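Pasting the structures here.
The same chain A turns up in both complexes below, where it pairs with chain B and then with chain C.
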Partner chain A sequence: MILKKKICMIGSYAVGKTSLVRRFVKGIFSDHYLTTVGVKIDKKTIIIDSWTVDLLLWDLEGNGTLSSVKSTYLKNAAGYFLVADGAREATFTDALSLQKEVEALLGKVPFVLLLNKYDLTNQWSISPETIAELKTQGWSVLYTSAKDGLGVEEAFTLLTQKLLEV
Partner chain B sequence: MNLPAPLQSYLLRWLSDMFTPACLYLDEEYRLIDWDGDIEAFGFPSLCAGQSLMDQVPVFEGLFPLEQSPFVLPRVKLKEETSVDLHCITENQKTFVLILDARHVEQKVHMVQQQLETRTQELAQVNEKLRQEITDHKKTEKALYESEERYRTLIRNLPVGLYRNTPGAQGKFIMANPAMARMFGYKTVKEFMKSTVADLYQKASDRRAFSEKLLIKGQVIAEELQLKKKDGTPFWGAATARLVYDEKTKSEYYDGLIEDITERKLAKEALKRAYDELETRVKERTRELQQSYKELEKEIIERTRAEEEVKRLNQDLERRVEKRTAELIAALKELDSFSYSVSHELRTPLWAIDGFSQMLKSNYADSLNENGRRCLEHISVNSKRMLQLIDSFLKLARMSRHAIKKETVNLSDIAFTIADGLKSAHPDRRVNFVISPNARTEGDSSLLYQVLENLLSNAWKFTKTRTQSRIEFGVMIEKNKPIYYVRDNGVGFDTAYMDKLFCAFQRLHSSETFEGTGIGLATVQRIIHKHEGSVWADSVLEHGSTFYFTLWE
Partner chain C sequence: MREKPVPIHAQESFSSHSTATNSEFTELQQLLFGLEQDQIAELQDRLNDLQLRTRDISEVLPEAILERTRQDNRISEALLPNLEQALKDSIQNDPKTLASVLFPIMVPSIRRAITSALREMIQSINQTLEKAFSLQGLKWRIEAFRKKKTIGEIVLLHQLIYRVEQIFLVHRASGLVLQHVVLPEVEDQDPDIVAGMLTAIRDFAHDSFNLQDDTLNSLELGELIIWIEEGPLAYLAIVIRGNAPIKIRTQYQDIIQDVHQKHYQKLEHFNGDVTPFEHMRERLQACLFHAKRPEQERGRPYLTYALAGILLLWFGLWAYQSYQKQAQFSRYVQRLNSTPSFIITKTGKENGRFTITGLRDPLAPEPARLAEQEQLDPSLFREEWTPYCSLQPDFILQRANAMLKPGGAIQLKYDSGTLSAEGSASRTWLETAQRLAPILPGVSRFESKDLVITDARIEQFIESLRATPGYVITHVEIQNGKRILSGFQDPLAQDFEELLQDAGLPPDDFILRLESYQAQYPRFILERIRRILDPAPSVQLELKDHVLHVSGMAPQSWIDRLVIHKNLLSISFGIDAIKRSGLQALEAMIQSIEERVLFFEKSENRIRSDQEEKFGELVRDIQRLISFSTKSGWSMHITIIGHTCDIGTTEENKQLSRERAKNILDRFVAKNLDSSLFTIQEMGYLSPLRKGKTEEDRHYNRRVTFQVEVDMESAEEGKRP
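And then the complex of A and B:
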């Protein structure tokens, strides 16, 4: 049986949402940045524990807050990724507030916090203590690098597993 | 709004051109009834009527039933290069989906983004430039601060007094360094600043003169001034100052430096006194020297006179010596000539004695008794010996008169010739001659032949008692001069009689044992002396003798 699951990519602009999807779906990365306008929809099928899951990936345009327009994109989402740029602390703060807005809209659906651009460790601005604090609250947090591919597969697998557990 | 038909028609055409619309019709089960427009161009798959739209187009998954109508999903990108707005409307259990091209919105956004990036880059460049300018400015400020600090430290540590003061009768100090305060006996600069310029001078007239000079010339260099300390102690100072006009305050002030030159002044005065004293002493010494010079001159004249007298006496003495020498030479020649004549004349009667004694022995031996025959034999032997002595003496005399004929002589060749002669004459003797080759010198070959003949013959003679004789002629170098020698392993002689060795007719061995006239070594000595050389000997009795000679010393 094939399951269909809608997953949204949420986060501030230029944190690497589109790059993560492209790395996951097509296995490529480009340094050229083109902001996403509206929503970009991709599809990828993965198999986990004998389940075949069609992931509908809704890559939403970046923003620090949810607009009314964005809310319509979230309709019927099974889960979401909160994406932050580990080298820009403000995007991490945005992710935390976005999570509250999304939860108010969708209720408690599975999500994973991705701290992207882990290849820029020398510019890293989020302390391990902060992450440890979030994990104690039950958050799933992964370090990813769309550029290197680090943690990308693991992130999508983890969220899918969470979706299957629901 | 009720638009007139033409406008409605225009608006529809304009919307159609602008958004290239497409649409989908769904039944109450959201199955696709029909569609219109180029929906595949927008990224929709090939559609199949009668089947669920959500199964065919995933974007609609979970969208129906609509929460509200119309429901809009703006700017949805189903594939690259496309972007659409999806407008969903439900009416009479039928659902309509209007698809409008939204690429122009995306293009506008990307254009704005491009402009934003360009502007961001420009701002970044400006920012970088500004940051560089700030860095440069900070560097300049730091350098300026360091420079000022160095200047402050320099002023603070300089051993000379630096100051700035206002002109006029009531001139006040604007700035002074610690050395200035110390020089004038103040503990701190602050305390010093309370004093006026006039307080520093011993005489007010000096200050006026200094100020006037400064105003006229604009600057004064190393002016020596009589100054005083806070407690009134006078001292000498050298002041250098210049008049400065401050454009900012529109006022004049003096900048200057003062050096305490009291010690230098005192040293200068002491030096002058020493110089004067030295000059006096030089004058005195000059006078003394002039006096000494005159006395010396007088003494030189007297000495010159005495030397001339000595010279005259010497010349006189030389003349007398020459005369005496000439007389002696003449007397010696006369004596030589006389001796030669006497010897020569004695030979004739001796020949007669010898001849007649032979005749007597031959003709009348039988008439004589034994004693008579013995007496006759004695007469014969002694007359022969006397003839030999006279011949030797004549030979020595002839040699003395022989003039030196200088030429290159190979002494080794001469020694070889003499040795060959001796061996031929006495083939029964076993003598080993050792002769150094190529002993060359300058001299009279015939006389040097005689020297070697006498020495080698003596060696031959005095080794005759040896079963294996050894005679050596050689040369050794001492002080870069050659010393020739003749060495033998013969009977030797007693060196106690060394002084008699080269005297004529002196013999150290009996003529019965070793024949000879006692003239050979005397001849050798005369020849060597004629060659401006020396001859000497060394010997150990029964072990042999060595005769050494040098030439042209």
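And then the complex of A and C:
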């Protein structure tokens, strides 16, 4: 059975959203769209069991808050990735507040928190305790590195599974 | 059977009037209609039972409908509104049922319709292509080239006023594509991504410019126009090339309305499953409208014909020329192929020019010359030759000739790896050839056994040999590199090997086939006579006008023999003259010896070092005298006399003078002179050369002198028979 799902990449500026998407799929639009329209869309088909899921990845231009334009782009997303740069704590704080905004807008839809740039472990600024606490609240948290490709495929598969569970 | 309900009414009215008499009346009834009353009751029950009544009607209804349909169409009229309502309800409830019923009928019809439309389009394109050689056709071709599109696309664009290329049915909130159709010839990107981006751009526009929802209903992008037909939950994006009439827009509006009407729930709770919208595909496909341009009036067909004619003529001419060029080129290629030392690896055509790539031996003929012979214009083709060494025998030979430069007198031949030289060559050339030939490609051996080494010195030598008295060279032949000299040689002529030595030539270069002969040179004749006569040294022989003149001094025995040969050799001679001149010679010889004085160092028995030369001359004089005496049959004797200066006692001086004479005698013996011919005599200071007492005088006195005696008679007597 074929399903189409809109998912969004949300996070602060330069946390690596576009790189994660680029790591995952080769799109037809240039990154130029991000700076002009504020969004770039790519597609990736994931097959899980008997399901064929076409993920339409809306990569939103990043900053700490949701502008009106960006909230429009979020509309009707089936799920989202919350992306933070593990080496910059501010982006993590942004991600937490963004999540609240998005949830207010979309309701409780599946999402996965991606702590990107895991390749820069020596500059890591988020404590394992913080992550553990989020996990107890039912959050899915994954460490990723768009540079090495670490956890990227898993992240997309995990979110897809969560989408199918809804 | 029809039952009238009359009795029941009767019974009801009756009972209302009098209930008292009810039982009696019942009894009466029973008496009067006993059986019928039961039947009436049964009928009444039947009428009241709906189930029974339905079953009764169902038994007669089909026949009744059939009967009535035969009479008129009232039943159809009666049923139509119900039927319509029923279908409507069915579609609204679950359209699948009806769709699945209609699917087998509708799909083939739609397919037929599409096929027919396509056929029409192809016909139209064909017509256009038929016009391809018209001016307009050419224009389109240029346009296709300029816009980097296929000619078909350009033709289509010019033949059509507009065409709808793609239709997207998009879920408005999520931007996900519910359905998408596209013309097969249109190159499309992933519809999901395109629709997503379109949605994003629309949202962007709405939010950025505070537009109302329905206001952004078209986008213009170059030759493309995108119409947006909005619905509350979904929208249609219709991608059109050209100018579509606004009237067709209503059809898309209908579609979007229908989608909402039928799928409102599904659109509202859209979860990504697009299966329910699958059926929209056919409907959207049918809405890929297009409109053709009306046929243009033909203006001047004659002009078109003329142009077409000229074009055809030009094309024919061009084709003919192309054929000619191709044929010329083929001949040229064939020519190259058959010419050794050209190896063609590739031929082709590039930017309208023929191309040849291959290998060429540098010794091969110039390709330009071959092309000229084939009358091929050099500008028509481009060739790339990589140099290589051909191992064709002809080329190996050519290369050898170019490298070794044999000149006219040498002929080079090549056979199975062996290069051989024939003719005559200088030694320098041979040495160079021996060094270079084996490094030539294809040459493994150099053979020069048939090569004659010519040497200027040899030729010069042969010439000088011809001029040498006693040699007559009649024929010079060369065999295995050696010269065979045929002819004659006088035994008296100078030895051949000596001549070679003088010329500095090796004897191996010559083979002599010379026969003996007697040269007629006076010198040779004289020599020959001399050998026969064996005269004494005191005898002079001279040939003048074939007459031998003999003079000098000779023993009688020899003169006697000479007389025997006189007639034989035409000799003229005088014995007195011989004797006279012979004595003179003898005297001269004796005088020469006796006049010689060898000086010595003071108190030494060795001659002074400056006397050695004189000593040598003396030895020669004595030898000559011995020879002369021997031949003449005379005996001779030489006394070696030693002298000293006045210093010392007489005895000492005698002793020293003897030693000096003895020393000279020893030295004569060392020079192979017969010791019996000599005696020594010591004079001491008895016979000084100078009487003085000065050192110079003494110097002259320290000496050895000689005294010669020749006894002619004794010998003559001994020899005389």
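Just so we're on the same page, the second predicted complex is superposed on the first by the 154 of 166 C-alpha atoms of A that agree within 3 Å, B and C clash if a C-alpha of one lies under 4 Å from a C-alpha of the other, contacts with A are read in each partner's own complex, and residues count from 1 in each chain.
We take it that contacts are C-beta pairs under 8 Å (C-beta built on N, C-alpha and C of every residue); 3 or more make two chains touch, one makes a residue touch a chain.
This structure is a prediction, so every number in the text was calculated from the model and none was measured.
Enquirer: Let me test your reading of the model: by the given contact rule, A:I2 touches which partner, first (chain B), second (chain C), both or neither?
Expert: Once the two structures are laid over each other on A, A:I2 reaches chain C alone.
Enquirer: One more residue to check, A:L56. First (chain B), second (chain C), both or neither?
Expert: The answer is both, since A:L56 touches chain B and chain C.
Enquirer: Could you say whether A:T72 touches chain B, chain C, both of them, or neither, answering first, second, both or neither?
Expert: So A:T72 meets both chain B and chain C here.
Enquirer: Which chain, chain B or chain C, ends up touching more residues of chain A in the combined arrangement?
Expert: Counted on chain A, the partner with more touching residues turns out to be C.
Enquirer: For A:I41, decide between first (touching chain B), second (touching chain C), both and neither.
Expert: Both partners, chain B and chain C.
Enquirer: Touching chain B in one complex and chain C in the other: list those residues of chain A.
Expert: The answer is residues 4, 6, 37-39, 41, 43, 54, 56, 69, 72-73, 75-76 of chain A.
Enquirer: Which residues, counting only chain A, touch chain C once they are in their complex?
Expert: Against chain C, the touching part of chain A is residues 1-6, 27-29, 33, 37-39, 41-43, 53-54, 56, 58, 68-69, 72-73, 75-78, 163, 166.
Enquirer: Inside the complex, what are the residues of chain B that reach chain A?
Expert: Where chain B meets chain A, its residues are 58-59, 61-63, 67, 71-78, 83, 102, 105-106, 109-110, 113.
Enquirer: Inside the complex, what are the residues of chain C that reach chain A?
Expert: My answer: residues 171, 173-177, 189-190, 192-193, 196-197, 200-201, 203-204, 206-208, 270-275.
Enquirer: For a test of understanding, state which residues of chain A touch chain B in their complex under the given definition.
Expert: 4, 6, 34-41, 43, 54, 56, 61, 69, 72-73, 75-76
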